[in-house]
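Take a look at the structure set out below.
Letters A, B and C mark the chains in the order given here, with residues in each chain numbered from 1 onward.
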Amino acid sequence: MPHLKIEYTANIDTQADMGTLCKALAGVLVALKDEQGQPVFPIGGTRVLAYPAPYHAVADGKQDYAFVYLNLRIAAGRNDAIKKVAGDALLARTKAHFESLFSTTLMGITVQIDEGVQVYDAKHSNLHPLFNK
Amino acid sequence: MPHLKIEYTANIDTQADMGTLCKALAGVLVALKDEQGQPVFPIGGTRVLAYPAPYHAVADGKQDYAFVYLNLRIAAGRNDAIKKVAGDALLARTKAHFESLFSTTLMGITVQIDEGVQVYDAKHSNLHPLFNK
Amino acid sequence: MPHLKIEYTANIDTQADMGTLCKALAGVLVALKDEQGQPVFPIGGTRVLAYPAPYHAVADGKQDYAFVYLNLRIAAGRNDAIKKVAGDALLARTKAHFESLFSTTLMGITVQIDEGVQVYDAKHSNLHPLFNK
């Protein structure tokens, strides 16, 4: 972790440029620093996955509205201030990315952060060593 | 929110008519009223997203079983009765939608509601004003 | 439940053989026995769904890294030992499946188990009777 998942209506897929947004948001996450100047999240555990939903309905379903939902799952234990900084940074970057689309499209953007409460957590990775030099 | 996600095995995709179900379930959610006759959920925050899983295995995996899983994420704080009404309404509508398919297919349908326990929650939307007139 | 979802970067999709992994992991789940020799999970409620993310970024996003995230959602109430056995079995099978790919690809594999804390849970299934004979 952090595990950032973007779930969105596929009606904006051709305009959404989601590959670019994924890279930008990964950049946001790995750039975050805590009060001691240390990375908030492990770089090697950072991933952003975006999924267009081929079937969808938004609000009363009477128009072809769009929705983009970001859910960031993080390990428990960070302080509230840093979680707010992380959420605000994700929302700001996402708003900027969709600024033009938002001006012409009826759409909602929501960002939420969950602290994972998993009862089992294990990994196997050759990514962490790359970034823990 | 409410954020309703449908995760299902793609082996029923051609028969499932998921676009219709998404619209129907959005309709169920926005029509729900509380004891005071007010909408249970904000219309502009309602979204239904359905995702067929291209790879899947159900039960012992020995036959091509199907599964449809509905997860509704809502904000915390509503009373138990209203949550049961919401869940029952979603299940009833989904059962009705799949009545014919269910009679010829080995499949499971599950509906669950989670109260989101997010540590960060923010939005940017031009949908809410449409429905808060 | 159990509800096992695999979210992964689509850059490994042609090599990942996810259909095989789904079947193998369903097999792992249904084969698990508790201290009394009884199945840990109901067979008819077991499903494995794998979703390639068409858009993604991992770590610093500077290379085309891969990620495979397994999230198993189970009902609350089982003991810690059995949850560890389940998680370890899923991780071991997944590591074995990707052993060759892992040797040539920069990738992360994570397995987490969540105990569902749903406030509503209902089902409609013709699968359970098949396995409760």
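Note that a contact is a pair of C-beta atoms (placed from the backbone, for glycine too) under 8 Å apart; a residue touches a chain by one contact, two chains touch by 3 or more.
These numbers were taken from a predicted model, which means no experiment stands behind them.
Rounded to a multiple of 5, the Cα-based rotation taking chain B onto chain C is 120 degrees. In a homomeric contact, the two copies may use the same or different surfaces; for chain A and chain B, under half of the interface residue numbers are shared, pointing to different surfaces.
Centroids of chain A and chain B (each the mean of its C-alpha atoms) stand 22 Å apart. Among the residues of chain B, those touching two or more other chains are numbered 51, 117. Against chain A, in their complex, chain B makes its touches with residues 1, 3, 5-6, 18-19, 21-23, 25-27, 30, 43-52, 116-128, 130-131.
Interface residues of chain A facing chain B in the complex, by the touch rule stated above, are 7-9, 51, 53-61, 65, 67, 69, 72, 80, 83-84, 86-88, 91, 94-95, 102, 106-115.
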